[in-house]
Amino acid sequence: MTATNRLWFEAMRYTLIVAALIIFLIPIAWMATLAFKPVAEWTTAISEITWLPKNPTLGNFEFIFTGETDEVVITLPNTATRPIFASLVVASLSTLLAVVVGTLGAYGVSRFGVGKNLPLSVLQLRLFPPMAVMIPVMMMWSYLALVDTFWGLSLIYGIVTLPFSFWLMKTFFDEVPREIEEAALVEGCSQWRVFYRVTIPMVKAPLATTVLFVFILNWSDYIIALLLTRKDWVTIPVYMNSLNTAMTGEMYGAKAAMGLIAAIPPVVLGIIIQKHLVRGLTFGALKQ
Amino acid sequence: MSSIELTNLTKRFGDLVAVKDLDLSIKDREFVALLGPSGCGKTTTMNMIAGIEAPSGGSVCFDTRDITHTSMGKRGVGFVFQNYAIFIHMSVYKNLAFGLEVAGTPRAEIDRQVADMAKLMRLTRQINWPAERLSVNELQRLAIGRSAIIKPNIFLLDEPLSNLDAAFRAEMRTELKHLQHELQQTMVYVTHDQLEAMSMADRIAVMDLGVLQQYGSPLDVYNRPTNRFVANFIGAPSMNLLDCRIVGENGATKLDFGEAGSLTPGNDDPLTQICQRAQQDRVVFGFRPEDVKLEPDGGGGLSMKVTFVERIGPRSIIHLEGPGHEVKAVGDNQIPARIGDIMRVGSGGLSHLFDADTGRRVE
Amino acid sequence: MTTSTTTVTGAPELSLAQQGVKLGRWMTLPTQLLLVFIFAFPGAMIIYVSMSWWGPLDGVPWYYAYESLNWFDNYAELLEDERFWGSMWRTFIIMIVVVPVEFFLGLGLAILFVDNFALKRVFYSVLLMPMMVVPAVAGYMFYILFQSNGPINQLLSLITGYEIDLVWLSDPDNAFIAIMVADIWQWTPLMFLILLAGLLGVPEDQLKAATLLGANWAQKFWRIALPKMRIVMVIALVIRAVEAFKLFDVMYVMTKGGPGVATETISVYIYKVTFLELEWSYVSAIGFAVLMFLTALGGIGIAILANAQKKKRLADVVD
Amino acid sequence: MAQLELHGVSKRYGNIVAVEDIDITVPDNEFFCIFGPPACGKTTLLRLWLGLEMPDSGEIIINGQAMTHQPPAARNLSMVFQNLALFPHMTAGQNLRFPLVERKVPETEIARRVAQVAETLHITGLLNKVPAHLSGGERQRVAIGRSLVRDPAAYLMDEPISALDARLREEMRVELSRLQRELKHTLIYVTHDQEEAMSVADRMCIMDGGRVVQVGTPDEVYNFPETVYVAEFVGSPPINLIDGRYEKGRFTATDPALTVGVPDAKNQPDCDAVIGFRPEDIQVNREVGPGAISANVYELEPLGAYAIVDVQAGERVIRAQIPGQPQFELGEPVHVTPNLDRCHFFESAGGRRFGTGAVAAGG
């Protein structure tokens, strides 16, 4: 390739990438700026686009956290504090459940060849549209008095994200050289001891990745919380979409503020585990 | 027709200088081995010849054409990768035909040339196999064939034998050398195995730490190593290199090895004159294990104890240790040496002296 | 040679393999239990309830459903339910539009990212952001973007010079497009990520070998890179197709299936029957039918993948 | 301090036979090498001894005790794995301590033993580094140290030095041999390098396709290979083999160009046969001699102290190893004379050796 060709190619590359970046960022930017706009700027007249808030305000955040603000006349019956707390508790507990169960199960399958059908059965969990299976789950949950409880929600989240933790850890365990574990066996360890004294310390980093990845998934759910929560354990996305009032209609700014708060943790965690995202999203089938 | 001329070739990776001011000229149809330990810059040098890597300084010329800035696709060199880089999703035929197909050669012509090449590489039987079914040995021949079919004037090989088992490697050494005679190409061959370089190359370029140490025919490199590194690297087991001092005594010159004793070369021994030409009295005395003369205790030479005897088929390697020195000797199995014996060690053949500080050969 | 005296030291302990199986059973037990819990009971329940007229307003718990047992009447009804087939059809349309679009956009972007260039890592991180946004939030983003007085119309006006005042979410066709745009926005990065991993996984030496044999860029792409990426592409397409079939969050937030049933996918339809019409036995029948359909599809997909993987592993040995 | 035995041991994985009907007894304090090409089942033998695999049939005896079904921890063996299997999350020191900690040795004793082993292997300065920060040779030493730190019944090593470069390998094998003699323990050593096996082993066992082909001292194996397979794999450059037929006590080569005046084997029934003679047992002359084969020089491989002369006779290339540096020209007609006293005779079917040199002639 000649130097001029090269230059053209690079120019093309940057143009295309920057175009893609702009398109990808517009929706996020719009929501982010909206979160800081006063009521008057929520909707726009055709004649002028208000990209950046002219009178930036924290009113929207104030509103969702305290239930009232100077800008709107109404007050909010439920503030955002409780949903944020609920999302955090449920996502953490369910992540713990999915990762512990998944790690143990994955090791059992990867190392000892028990449960030959387990990997595919687990994968099936991911194949079904949650909507189609949720009716019996709802019936079951209400029968077991699990609806709108944090452990009821954590349990179903844990089950739904189990395929990810199981498959991720399985591919990580598959990659641990057998000989390292065998060396520990020869030197007098029992197999259980090998697992927690040699294998687990060796997969510390992958394990952390799995935890973050599963947390993102649990944090992002909408549909299950929509079906299985009523009041106490409503999570952020459900809360956000209930932010309408009869008097003012859509609470655009408040929703945007809530959406921004919901969007930040997964994006940050996602960037942290970027290296392993491909593996996570493809159930370990592909590496990067 | 292609000679290769490297002038002042330098390659830096960040702070690391992989190749430094390399000057090397390779004649048309010559078989040159780039030899050295891992990290010596031999592969980088070859990558620069192929255009896989761009030099940080200096130039690469084929014949009189400066191709330093020509992209690798346009240099027309054949290249065999260490891992062969076979297109395993294709058949053997498709692999061989690749270079011709991308150049738009007519199908009939491709068929003919592929058939010829398959025959030369003994792959006719496997011609329609998927490449992934081939054994390592066959993959290696396929890799050579795939490059050879576009008739490059210059053929570059990156440790092509290192994945083969020992018995087949010996066979391939002969075959490869013969192939080069038949294809009439300039061949550059990278290896860390001195045996391969010695047995195949017309000339060997020994490299260490990015710097060319010596460039000469195999026997030249073997018989007249320019420095301590080359002396140690060429030959197996490696040359014995013993620190000693030149002492002049009553007009005669002798080499003093401390408590182990001393050696006195005869007057007509060239070593005597070499000793006299040495810049300083601290030198390294080198002699090959197969030139070691072992005699029962009592005679002249260095007094050493046999510590270990390795018997490898028809020959033995005898490890000896004296005060401050170690020596290896190679001989047939008739040498009466047992562990614990005290023996007298001397050099019965070509000896070398190297400067103790610079490592350079003293002549 | 001396014959050794053989003494047996007590009863043999469990051998290593036997110990391993025992430990493995314990370790997989929690997974097995959870699977049974989530497959067996709901599975039995869904089949049981789907064969009755039971509903939450009957005033009796679900296990009294046998009182209104009707065997397969719900399934018979399903066959003639135009809303059901309509929602399946829409789901299918969305799937066959968005997945290929995301695929080609993702592939194009991935190709731009193969070699190194300045700011690559920053661009890469930013490009991945959409797929990490909580889907319900993404739905909300597009909800506000596509308002009649929202920025999309304004942007279009700005670009075209005419005054564009499109009704997006309340117009049946436009709403459909808006939803697809949102899905493409969110999931093109996933395709990009997977396909880039695939492109970077093409053995560099083979590409170099092809270059040295005189192949140009297009020849390398078609003859070396694409064949090597076949499995990666299949994985990406399968994963996205499955997810597209499940589409709910974005759509529900943006249009709630409306206007009317214009953007109703199978998930939204089920949701509505459940909560607006409260026909739980009927919805169980729908759910079960969808499950069977997907199990069949998934079975085929997994078989194809497993087969491809096996071949790949063989290839790895040689490579 | 133990005798290790395998009696009638077989192991298959699915349809693949890993090892079949193995009987090996390794007496106390022996350096025993298991030699064979890749995937011949040699590693499986170690794994069976260690208890990492269960045999399908047969008995495993360690120090007189039946251990066939015992888990690895009960067997008191130590192992150096081919990939070393160091614990990557522990420092070198923690790696060394591991076997002792797991066996609940008191802390003062652990410190003493680790220090002692570290000293022996010259790795005292490395104890605080994690394996990722060590060089290949250093990792090697740590892995060996971990197996030496306890006092096991025997040491097992699976190609422990195959990853090192040639020079370091030559040094390490001598050092290992010295260690084994000092520690006075049984050492079972797996390798695919015939030179390594020959140089260090007290006795060696050659495997092929999961079966033991020959067990004996290196000299026995080299001088009296039981089968053509052993002859081919032991010795470098490899032995020359010529196909032919024994009829009425006379050998006739299939290729008339290769007629060799070999002695008759009087007691051998007629059969297709192969004769083999090693490269160092061949003389290459310009003059015709009795029993010589006419040939042309095909390639020359000068290796310094000796050279390999490849000559073409008929369709075959015969390899001769001659001392010194060759004075032949490519293509020059020469005459090669094998040393008939050291010829081996094998049956083509099955490869069994039925005679060697004069032995064959004498019946």
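By letter and in written order, the chains are A, B, C and D; residue numbering begins at 1 in each of them.
Just so we're on the same page, a contact is a pair of C-beta atoms (placed from the backbone, for glycine too) under 8 Å apart; a residue touches a chain by one contact, two chains touch by 3 or more.
Note that this is a predicted model, so its numbers are computed, not measured.
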| item | value |
| --- | --- |
| Intersection of contact partners for subunit B and subunit D | C |
| Higher-contact pair (C-beta pairs counted), A-D versus A-C | A-C |
| Length of the line joining the C-alpha centres of subunit C and subunit D, rounded to whole Å | 54 |
| CA centroid of subunit A to CA centroid of subunit C, Å | 15 |
| Contacts with 2+ other chains: residues of subunit D | 52, 71-72 |
| Set of subunit B residues in contact with two or more other chains | none |
| Set of subunit C residues in contact with two or more other chains | 16, 19 |
| Touch relationships between chains, expressed as pairs | A-C, A-D, B-C, B-D, C-D |
| Subunit C residues within the subunit D interface of the complex | 1, 4-9, 12-17, 19 |
| Interfacial residue positions of subunit C with respect to subunit A in the complex | 16, 19-21, 23-28, 30-32, 34-35, 37-39, 41-43, 45-46, 49, 61-62, 108-109, 112, 117, 123-130, 132-138, 140-142, 144-145, 147, 149-151, 153-155, 157-158, 163, 165, 185, 189-190, 193-194, 197-198, 200-201, 232, 235-236, 239, 242, 245-246, 248-249, 252-253, 266-267, 270-271, 274, 280, 283-284, 286-288, 290-291, 294-295, 298, 302, 305, 309 |
| Subunit B residues touching subunit C - in the complex, by the definition given at the top | 50, 52, 72-73, 75-79, 81, 83, 85-90, 98-99, 102-103, 131-134, 139, 146-147, 150 |
| Residues of subunit D that touch subunit C when the two form their complex | 3, 5, 25, 51-52, 54, 59, 61, 64-66, 68-72, 74 |
| Residues of subunit D touching subunit A in the complex | 50, 52, 71-73, 77-79, 81-89, 98-99, 102-103, 146, 150 |
